[in-house]
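Some notes on the structure that comes next.
The letters A, B, C, D, E, F and G name the chains in turn, as written, and every chain counts its residues from 1.
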Amino acid sequence: MTALSLSLLVPWAAGLLLVVLDGRRRTVGWLGAVTLAATIAVLGLLAADVLRDGAVEMVTGGWPAGVGIVLRADALGVTFALLSCIVLLAAACAETLLGVGQRTVPGLLVLLAAGLNGLFLTGDVFNFYVFFEMSMIAAYVLTGYGGGRAQLRAAVIFASVNLLGSFIFLLAVAGTYRVTGTLAMDDVAERIREVPPNAAIAVAVGFFVAFSVKLGLFPFHYWLPTVYADTRPSVAAVLSGAVANIGAYGLLRFGPGVFAEQIRLSATVLVVLGAASIVYGGVLAVARRRPAEMLAYSAIGQVGYVLVAVGVGGPVGFAAAVLYSVVNALNKALLFLTTAVRGPLVAGAFVVGALSVAGVPPAVGFVGKLAVFRSAVDAGSPTLVVLLVVGSALSLLYLFLVYQREFWAEEDRDAVTDAETRDTAPARGVSRRVPVVVLAVLLLAGGLWPEPLVAVSAAAADVLTASTNGAGP
Amino acid sequence: MMSVVLDVAGGVLLVVGLLLLTIALVGVLRMPGTYSQLHAQGLATGPGVICVLASSIATENAATISYAAIGIVFTVLTSPVAAHAIARAARRRGAGGDPR
Amino acid sequence: MIGIVLRVVVLAGLYLLVVSSVKLGDVAIGLVLASLVVAVGHRRRAASRSDSSTVRRLAGVPALVGGTLVDVVTSSAEVIRCCLRGPPDPGLVRLPTGPTSPSSFAAWGVRLGITPNTVVVDLDEERGELLVHVLDAHDPDGVRAEQAAAYQSRQRRVFP
Amino acid sequence: MEGAEAERPGSSRSRRPDWPGWSCCAAAAAGFAVCLVGWLRGGGTLSLPWVPSLDLRLSFAFDGLAALYSLLATGVGVLVFAYGTRYLRQHLVEDGRPLSEGRRFWPWMGLFAVAMVGLATATDLVLVFVFFDLTAVCSYFLIGFDRERREARTAALTALLVTIVPAVALLVGAVLLYSAYGTFAIPELVARVGPGTTTTVAGLLIAVAALAKSAQVPLHFWLPRAMQAPTPVSAYLHSAAMVAAGVLVLGRVHPLLARSELVLVVLLVVGLTSIAVGGVLALGRDELKQVLAYSTISQYGYVVTLYGMVGAAAAGAAAFYVVVHAVAKSALFLSAGAVTTATGEDRLSRLGGLGRRTPVLAAATGVAAATLAGLPLTGGFFSDELFFGAAKEHGPVLTVASVLAAGLTFAYIGRYWTRLFLGPLSTAPGALSRVLLVPVVVLALVAVVIGIVPSPITALAQDAGAVSHAAPVTLSPAYHLDLRGTNVMALAAWALGGLLLAAAGLRDRASRLVATAGDRLGPRRAYTATVIGLRRVSDRLHDWETRDLRSSIAAVLVPAGALAVGAFAVTPVTQAFAVGPIAGTDWLVLPLLVLVGVATLVAARTRERLGIVLALAAVGFGLAAVYALRAAPDVALVAVLVETMLSLVFLAALARLPGTEPHREHGRRRGQRWRDPLVAAVSGLGAFVVIWGYLSEPRETPSVAAEQARLAPAAHGQDVVTVIVADFRGLDTMGEITVLLIAAVGVATLLRRGRLW
Amino acid sequence: MSGVPLLVVVAALVWVTVLVIVGVLALLRGRDVLQRLIALDLLAVLVVALLALLSYLRDVPHYLDAAVALTLLSFVATVAAARYLATGGPLE
Amino acid sequence: MTLATAAAAALLFGAGSYLLLQRSLVRVVAGIALISQCAIVTIIGSSLSQGRAPLDPAEGGPLSDPLPQALALTALVIGMGTLALLLALVHRVVVAHGTAERDELRDVDRPGRDEVVRQEGDETE
Amino acid sequence: MTDPETPPGPTVIVRVVARLLLAPSVVVAVALIVKGYTKVGDGFAAGMVVGLAVALNAVAVGAHRAEAALPVLRHAPHAAVGGAFVALASGFFPVALGEPVFSHRPGPDEEVVSVGTAELMTAVSFDVGIFLLVVGVVTVLVHQLAEPDQEPPT
């Protein structure tokens, strides 16, 4: 319980302090990184508890569940919290090493971690919304980081679209309370079964739209390429590696976790949308020259795999969805971070990331792809399998096209480098490459010894299947 | 006895207040120029709302009456300022006078 | 000094009105709070007026309030007429106030503002002049005289 | 690369031996020795848990098949690496590149050898997939070693795509088998799998991966392109290792494949087609390495054909064939590299008569060519004999086909050797380093040794064939001076080959015809067209996708509205929607809602900025009144305050905006005028359906709110709302004010560079 | 409400609501922004009246909190808007 | 009342959507403001009981549902924060781009695709 | 009389009234917090009342002069962050005791010490934190909006 409270308190308190300090000072940047590392440590302790003894639960004020807010750390939540904090730490280190250009960045990153932790560790629908907004508002500010025209434009688009999504989410929360009389997820999951289908589906649609927007699923994806491509690389890493987790987690938590029946009914829609994302994102990424833009479309395609896995469902599907979300977040964080630095080590890191995205061993991505294929085969749909294969073919193509252009044929590239987004020349100091290299090593290590990741995602899927079964007759 | 007096006074104040509000609204709709409309508006934001708040005496609820009293004091202080600010803006824009 | 005490009392009263309670604890809190607020606000004030002048001004308050109330009633009647029939001859009138203090200006403004038949359009602090819009401006001198009289009888004692 | 410590060609340090290369070479030699000992000791298995949650194990078996391919990979590796130490230096010097670039070469070569051994020994399907892809990744970097050249980059990418994407089929096949039989372990699968659709599909999928890797038609086109790689890469990857990985996998899972007739037929068809296509195209190629590449396609066609035949003889023959081909083909590649290094030319048409100037090379190359052609006294004779023997068992069609195939081989390799070494000298060769020559000679000697003493290789092939056949295999290659069937077939093949060699016109025309047809209709063209088409479609879609804010928003609203309306359409409607009771102050709420509605429309229609703000304020104050009437005084109070604050912020922000609002939406096509109202209507309708839908189904009891009201006194509060805000749900409030603080910080970040004051 | 008949208060509430509707018409009809500003100010006053009446009706002071807040501070927006119109910036 | 609340909320949402689709960034912000009002109206409309203001529950009698009120308070505050931020953002964008119309914000200084393709050749042919 | 064309300074009427309302606003705000747990009002509403009074002063005389006249305003960022910490501490102090967060003291069965209407408990200190934060944030917002940097940051 203490670990659960601390996982909120540590980044929250530190973030509130850091955000008023001058983050351009190196010390402050490192303080932010240290805070994130401490948060990861706390989450690690929490994860150990969770994996050993099952979910850790706490109701605020010690009131009965529902009266107070239920905070619950289970395998699913802790996995996503850890993942997001790791990505944030990488981004914070990368920024600090490159030199933070704006006072509030370290503090915002830490507050973002606080918001995300809260969101992943809450068992209350409205509390989820609050932490969601807390994370998002930090993300809006971060998107404008740099303050160039491109970043500001990205921030406006990001903020407008996601605010719309947030309010749709809020509408769904209101509906949840109206039809169930409670906000605690467990109770909602139980009571939603007695709710007439039209109302339950209406609420579920709201949640689905909100998370799809966040995730950038086709056809809700329009905002994503501009934002990811125009914002700073480290911010893009944060958006795609940490903030987008909200969408994946939300789909899992609210889909099989709460609206189990509705998700079963709409499995086909999910799979179709997921497949469309895979193909659409993949095809659009193929001809993108700017690495960041390619990565943005790649992100659209990659989240399609998650949706497909959710749609397929069952222990295999949910585990695949969790696993793929984790892998994808790490991939995207690494790849976006590589766009800010250059050098042979970075090239190597990019390759690791590219292989991971394409699902090629020894990078960890292949474990994710294996899991997704398992769920597709379980679904017994050859079309789906073919689509997944096409998706990985496309990802291989677009990633290595860009790789060759960026790291092999340097003289070609410089001619069309977009000076606007790459406002400074790619940094060359060795220390600046440390974050990407560490992430790449992480991806490789995950591919060589995937057991922890697979076990955790299986445990996370157990959480969901347990609630699904609990919701069954 | 006191209660009846308060009730009657409150009722009268309420009716007067509502009348003032109504007339003010009519005035705002009918008056041609911004300044003139401000006069009508002043009828509502000043005497009108004060009467309505003052009618609280009929409730004989100490808390309600005290709140109404605060409201009256603040109204007296703030509504002239708002009208003045609007009038001044109208003058700056040369848009205050009545069309003749 | 009386001015300060007065301010404290008024604020404490306001506090008690808002919490709608006259418990001893509330009175204590109200007084402490009011003193604090007055202290913070007072530190920057220049020389405060003498107690005798404060008393004199206080004595004028009933006249100010009552007179203004009367003005409000009569002017409301005029405005009601205009609202229903249309304004006879609306126009701007310059109203000399003489060089006077900010608080007096404010009092002018509030007094003229709360009576609906006058709208303070603009003012000139240096020259001591108000620009007032009235509904019947065919006799500007009459308006000026009327307002001067009102100032003399009601406002001058409180806000010279 | 940073050039700071780069070695410049001709500098004193360039004389230093190529340590990374030589250490790779030594490692390969050691590996060879270990493998040899391992094989002689009878092999063994190793199985460690890897990912228990997914039933993945690190299962290795050093059986005959593993031994054969490991020995091949390490053995040929020793020679190629040695050759490479010299070749690479010369290559870099010629290109004017720093020698330090060699650092990008050897790690991949070494890793490739390791991956190949791993692949040879792996007996878990997922592990096989891992090593399979690992070889492809290594090959990508080796083919793209000359990365400044566009052709090299293109070739690398093609090889990567064409080998890795089909490899996914292997993974899918593995998953398919796993879901049916619950294991990834090949031995267990062999024990469990019976014939059936799953087996057929999985077999086909695995075959696709293997065939693509072995450059079989129609996925062969990556290999000729891959000749962009430096010669040691071609000599290693494209003769003994990478390409062999495909047939290795076929050999490994052959017992599974053999359970499906369809798979075998596919193997036969693909194998024979590849022999023909590869052979005919090899007949007409001009570039040295191109000839060899098409030859490889053709030669692995033999092996695939053998796997399609099934039977002890075929399995053994396939194994034998792989060894002999690897030896001969790597020799040929190394020789081609030596020729090009010595002469600077890489085309048959510009070369000729080199025999007299480089007799040793000519002889060694001749032995290798003879091996390929299956002439006696070379290992090739036996491999052909075994091939013919297996074909003979499978009927007249295969018999004829095998003879035709061997004839084709004889012809193109004969053309190659004669063009290169006979006739008048075209380009004079420079000095040839011994390091470049010795490996060719050694490989030629090996070929001859096999041709004279085939028994070691026979034993190896028997062991390997036993794995593929899942039963003991006996091979007895030997010279028989009689007219038995295989000898007749060999004679016929040589005759046919000689004829083709002589009839240059017919030969060239046929080759050109096939080449043209291939260019027009072939898979390579399809591949290129696909990629180009894909990029065109990508660009088209990208242009069409106007990613401004407006479309971003519309792209949320329209699908959301559609989903909502769709959900409405599929759920029961009767009695699902309630008008709801109206009582007491509700009658006052209704007109206020009308007020809010009117103000909303005003806000939407007003052009003047201040007008919008005022309309928003009207909406806000109207709603505050609604909240009050719904008995929510706390909300009414806060709503009034928030609305006031928002108006102020709005005004302050507006004050600094330049320009005025556009009066008309200029420059829009006629159809677009209705777009915004339409989208708004759709989303409004969606919102209506959703909101009305759930408001119509209120939860009866119990609600947590009742519980909260009951517990509020325990929390020392009378105002339940404030108790909820400060106590029950205080965490929400903490989050909320943090949002507020972050907003302020954000405003500061945007407006004053993050300074709060 | 003790004395004044409930009916009167209810009637007053209804009447004020009607006035609110008319106030919106004024907001709509306003020829220029200034007149809309006046209408908005009027609307705020009507809401004050409404809240007061609601308090009388329910015989609780709660709704007057919002009314007092409106009288105390809602004119901030009016003044700011007026200054915006006069000078282009409410905070300079 | 159910229908009326739903209709009002939907109108707010629809009008908000319409504003979001406009060219002027100011109107985009206004659209977000309307949609946030829609959410809050809906929250209040989601109350499960009607009655006295939820002050002093011990008094007895039906009470209006306090929970949606608390949620509405939180949502109001969050809405204010986000809108303030959005306004500041719009302000910065306008300063940086010199226009309040977002159509002109499209594709900041980016090479056209044709140009790119011409320089590119094709890695895949 | 000032010419309509010249940019007008702040009107003395607005100025005086704005200044006059400041003290009552603070008093009302404190009252709102104090009675918040029993009646309408809470820390947020209180903070907004004071914040708006500050904003009114900024509107009346210009943000710059308002800040010069009320040097206290300079501490707005401290109030904001300090308030956040007060609130955070009020909510999270139970962590140190091994209890769930927002376990306020006095607990459900314990006596509350009251001074008049004011109850002395951590829930109220949480409200005070909110109050401080809101006042700080609103003041900072007004300050920011009054004089933004016009040149883009580098």
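Please note the rule applied: contacts are C-beta pairs under 8 Å (C-beta built on N, C-alpha and C of every residue); 3 or more make two chains touch, one makes a residue touch a chain.
Everything quoted here is computed from the prediction, not taken from an experiment.
K.L.:
Following contacts chain by chain, what is the lowest number of steps it takes to reach subunit C starting at subunit A?
P.N.:
The fewest steps needed to get from subunit A to subunit C is 2.
K.L.:
Specify the chain most distant from subunit B by Cα centroid.
P.N.:
Of all chains, D has its centre farthest from that of subunit B.
K.L.:
Report, in whole Å, the distance between the mean C-alpha point of subunit D and the mean C-alpha point of subunit G.
P.N.:
Inter-chain centre distance comes to 60 Å.
K.L.:
Express in whole angstrom the distance between the two chain centres, defined as the mean CA positions of subunit B and subunit G.
P.N.:
Roughly 29 Å, centre to centre.
K.L.:
Taking each chain's centre as its mean C-alpha position, how far apart are subunit A and subunit F in Å?
P.N.:
Centre separation, subunit A to subunit F: 23 Å.
K.L.:
Can you list every residue of subunit A that touches 2 or more other chains, as numbers and ranges?
P.N.:
Expected reply: 12, 16, 20, 60-61, 68, 71, 102, 126, 130, 133, 137, 140-141, 144, 147-148, 156, 160, 164, 171, 174-175, 178, 181, 183, 397, 401, 404.
K.L.:
Of all the residues in subunit F, which ones touch at least 2 other chains?
P.N.:
Residue numbers touching two or more other chains: 9, 20, 28, 38, 42, 45-46, 48, 52-53, 55-56, 67-68, 71, 73-74, 77-78, 81-82, 84-85, 88-92, 95-96, 102, 105, 123-124.
K.L.:
Do you know which subunit G residues sit against two or more other chains?
P.N.:
8, 11, 13-14, 17, 20-21, 24, 28, 32, 38-42, 44-45, 49, 52, 55, 59, 77, 81, 84, 88, 101-102, 104, 141-142, 144-146, 148, 152-153
K.L.:
Mind listing the subunit F positions that touch subunit G in their complex?
P.N.:
Checking each residue of subunit F against subunit G gives 53, 55-56, 73, 77, 84, 88, 91-92, 95-96.
K.L.:
In the complex of these two chains, what residues of subunit B are touching subunit G?
P.N.:
Touch list, subunit B to subunit G: 70, 74, 77-78, 80-81, 84-85, 88, 91-92, 94.
K.L.:
Which residues of subunit A touch subunit F once you look at their complex with the stated criterion?
P.N.:
126, 130, 133, 137, 140-141, 144, 147-150, 152-153, 155-156, 159-160, 163-164, 166-167, 170-171, 173-175, 177-178, 181, 183, 230, 289, 397, 401, 404-405, 412, 415-416, 418-420
K.L.:
Any idea which subunit D residues touch subunit E in the complex?
P.N.:
Residue list for subunit D touching subunit E: 585, 587-588, 591-592, 594-595, 598-599, 602, 608, 610-611, 613-615, 617-618, 621-622, 624-625, 628-629, 631, 633, 636-637, 639-641, 643-644, 647-648, 651-652, 654-656.
K.L.:
In the complex of these two chains, what residues of subunit D are touching subunit G?
P.N.:
633-634, 637-638, 641-642, 644-645, 648-649, 652-653, 656, 711, 714-719, 721-723, 725-727, 730-731, 733-734, 737-738, 740-741, 743-744, 747-748, 750-753, 756-757
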